[in-house]
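Here chain A shows up in two complexes: once beside chain B, once beside chain C.
This part shows the complex of A and B:
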């Protein structure tokens, strides 16, 4: 269906979808940890807005519950917890240089194109007007994965992982009006537990190797000393 | 015939309105910093004063140094006459499309850079090299943004683009959101405003535009300064009419033309205020961070094009 025949709410959904992809690229390029966390919270807020709009447009009220979960977990709780961890680990001022940042950006663009071609046949299976966003959500997942690959610090990698989950959630909302409620609640709970576990993991990592740079894990203590 | 007269009137408005826009931005900026500030029509006085002054040319200057201000000014006027400001469908807008417009601006910049290097001072050469570096990074982003728009409206002619947007019902194009953000970043870089270059200083090691025109005086300097103001005006009109085309006249009735004039004046004043607010809130960027800034603009325009392909066509 061409864009011109869509009602305004779905045009807004498409625009928000594009903005979510943009926030993924911002995450990829952001070098300061605190602004990284803020960008992640903004991505969650965009996701919340999309879910609410889809709930209004489709009249499926269970989507409001997942929207509320998104708001509580991804906009407030997880960013707040990550921020508190960053303050307690005293890495607030650390700047992580993203090696070859323009190359990484071009890689991100290539991933968007790739996911477009991958999603072309899948798109035919959905009947929703917003099915074009499947490619966008796949791209968000892949860009999150690229972020995990390119970053060295554990906090940035965790945010990459969380933004991958955002992409999956967005795919579910835009392609099939959300997952069954049980699955959605389970995933939300998983993300919550993962966030808490990552916090413990950060402290373990730091007391073990004295840094959050996961590259140190490749080195053997005996060889270095 | 009526179209040609209107086209000349519009070009005149653009040329003589440009100093006011520059003065307006300066005035709003002064007010934001709680300073008295010169009135918005101060640039007219400055230009008049410079035109009445004697021209001093360095001994080592070649003819290029003398003709560059005239070439730069006339090319920028030509570029400005292509942009539909008050009305679309004027005969001048059929001469050139937006790619030629980018080419005009690049030609003007070429002569500006040559003039900067001509006398052989260290500052001029430094400014020219910086200007060309910034331009080479900004132009791909600008063309990418322009192509994004052109893919939606199926035309690269500016009047055609604005006419298409005016005649079709309102649509929220995701690609336009990105193209608007990207082109705004490019416009700030190309017109030498604050995160890239500080227009308010003569004596800084980091200046770009001022470094190139440091050797000029008298009417040459006036034309160079006026050319820079015109460039700001051209970008302002381009951005406001492409992304907010409402109010632009589509026929030559006096009433619609009046509305068009009022609309573009209002849009430019709002845009100028926004520019002043942004300039007051930002600090000038280190020169080595400019490539990152322009890479962001490029990524925005690229995402605009991708979202056009992914979301809007099917």
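This part shows the complex of A and C:
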């Protein structure tokens, strides 16, 4: 079915889904730390837009609370906190060369294909307006994981971690109109605590190993050499 | 019901209070008293459930049955005995200047916070809240792993945070899929993320989605169980944190993650009508068991060695739950108790041994039995128990597991026996010189409270010689819950 034949809401949701996935790829390739944080904030903003749209379309008003939480946490608080930490740790100008960036991008593309393959059995039985979204949210989760694997800077890894969390939130919103409220609140609390702990860890890493480059974390081995 | 609320509220209040007064001179004693209170209320809860059957809280948020109540009790007991150990141990750490006031506040607050998240994970009926609590347990312990701020401990903390965070995210995706399947199958129904509701309607859920969900859940919670190949964080986190933390991480946290997987398996197996979840668990379990047994040999840090032993035992339990059937499940449930008790006892002893020798390096710990016989002997006995010698309880549960395997899949007994032998050799080649070797000059005994260790070992011995009738019936109830058929 062509995109234009779908109802308008679905078209918008699918477009936003595509943009969220696109922002994931931007995160994957972005080498400047400050731009990375800004891209992450934009991804949060897109997520906020989708959540609001779903809330209006489905008439489930508890989704507005989730949307507000997203706006507060992922668009404002976490990017603000990361930015402040980056300034305080004086790593604003650091540029991270992503090793083999074209390979990484191809890997990301492969993960998207894989996600569609995995989500195939679900797509066929879904009556939901938004069929592609589970595949896309899984792709966002996996691309976030790829980012954690390929990046060497602790800040970039944290952003990968948080963007995985964005993918999960997107899955919950688009597939099931959000989780039950108590769970949503619990997850938001966990994300908030995780963000603060990551901030603490930056300082520990700086004072403990003298850098935020995780390549320097090489003292513990599975077997002794 | 009051007992349940108290069991949850006491640690919650303590978490908040210790954030302010955790560095107080008597905070260790207070911590101990709080653990006593939690233990008493959970005992009360257990008796209620044992007498009156499963309990459901009015909002259906909490659900206590035979399966989780005994784990709650084990949780509270190990929390209590570890608190007995933690008091002098942390006092010693403060005295030698390894931790300051701020970190003591963090330590005591998070000790209770960790117990709280585990109790919530065990008692909740809501599968989403289960995830929140398991993730909460990671968050509570991650700063404790890096408590000493050495480069190694910071590395361990970071690894723990990232690997467990990524892993557990997969479990959330699995949970979302379950919710998705439930919403499709039961339109308009309320609270479809509740375990009790899902269990009732398991047959109506879409198998394709459930299969996919289980894979994600197993990978996610499996990371927390420490299943190979997602185990890398475990030895680091267990070896670099303060020893009381190692004891409760190894004794309790791993059990909670396994509990979550088994809950899902209970849901999936009737719904799918096939053995897939069981086979997946058996595969990962066997892999972890074998790999950990081999890696035991190559360790130089005594706490790392015993964390590999934890991976080995968790693998064995995952295998047994995967095998299914009343005998294997009964054995696995028993193994969860005896492993928790024995392993936390060992970590406590190892903590004392490390204080005696002033290091955790296996090569430098020598002649414990000559320097401090109490530590040396309990170290020896604990290791004998964990290696699965009769008459200790680990032998009993492993014997049950092996009999069950012999019955349904006899060929698998061979790798199991080989694995046990390899693990035994690995433990004892390191243990021998640590206990019997020549003590270095000037090695002096330390002040040690062996009460928790003795208590645990006596309990394990008791379970090995004669399982009390009450406990046997209790475990049988849990077995009926898990596989639908009892052993007795």
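Here is the rule we go by: the second predicted complex is superposed on the first by the 210 of 225 C-alpha atoms of A that agree within 3 Å, B and C clash if a C-alpha of one lies under 4 Å from a C-alpha of the other, contacts with A are read in each partner's own complex, and residues count from 1 in each chain.
The working rule: a residue touches a chain if its C-beta (ideal position, glycine included) is under 8 Å from a C-beta of that chain, and two chains touch if they have at least 3 such contacts.
Small disclaimer: the values here were computed from a predicted structure and weren't measured.
Engineer: Answer with clash or fit: chain B and chain C placed together on chain A by superposition.
Structural biologist: By the criteria stated at the top, chain C and chain B fit after superposition, with no clash.
Engineer: Once chain A of both complexes is superposed, is A:172 in touch with chain B (first), chain C (second), both, or neither?
Structural biologist: The answer is second: A:172 touches chain C but not chain B.
Engineer: So in the superposed three-chain picture, is A:53 touching just chain B, just chain C, both, or none of them (first/second/both/neither)?
Structural biologist: neither
Engineer: Counting only touches as set out at the top, which of chain B and chain C does A:146 meet: first, second, both, neither?
Structural biologist: Neither: A:146 stays clear of chain B and chain C.
Engineer: Applying the document's definition of touch, where does A:201 land relative to chain B and chain C: first, second, both, or neither?
Structural biologist: In the superposed model, A:201 contacts chain C only, not chain B.
Engineer: In this superposed model, does chain C or chain B come into contact with more residues of chain A?
Structural biologist: If we count touched residues of chain A for both partners, the winner is C.
Engineer: Once the structures are superposed on A, label A:118 by its partner contacts, choosing first (chain B), second (chain C), both or neither.
Structural biologist: In the superposed model, A:118 contacts chain C only, not chain B.
Engineer: Of the partners chain B and chain C, which touch A:214 in the superposed model: first, second, both, neither?
Structural biologist: second
Engineer: For A:159 in the superposed arrangement: first (chain B), second (chain C), both or neither?
Structural biologist: Neither partner.
Engineer: If you've got the overlay open, could you tell me the nearest Cα approach between chain B and chain C in whole angstrom?
Structural biologist: Distance of closest C-alpha approach: 18 Å.
Engineer: Identify the residues of chain A that lie in both the chain B contact region and the chain C contact region.
Structural biologist: Common interface on chain A, chain B vs chain C: nothing in common.
Engineer: In their complex, what parts of chain A are in touch with chain C?
Structural biologist: 118, 121-122, 125-127, 134, 137-138, 141, 145, 148, 154, 157, 161, 164-165, 168, 171-172, 175-176, 179-180, 182-183, 186-187, 189-190, 193-194, 197-198, 200-201, 204-205, 207-209, 214, 217-220, 222-224
Engineer: For chain C, which residues count as touching chain A in their complex?
Structural biologist: My answer: residues 61, 126, 128-129, 131-133, 135-136, 139, 142-143, 146, 149-152, 154-159, 161-162, 165-166, 169-170, 172-173, 176-177, 179-180, 183-184, 191, 193, 206, 208-209, 212, 232, 235-236, 240, 295, 298-300.
Engineer: For the complex, which residues does chain A have touching chain B?
Structural biologist: Interface residues on the chain A side: 1-4, 8, 11-12, 14-15, 17-19, 21-22, 25, 29, 101-102, 105, 108-109, 112-113, 116, 123, 132-133, 135-136.
Engineer: Which part of chain B faces chain A closely enough to touch in the complex?
Structural biologist: That would be residues 168-169, 171-175, 177-178, 291-292, 295-296, 299-300, 302-303, 306-307, 309-314 of chain B.
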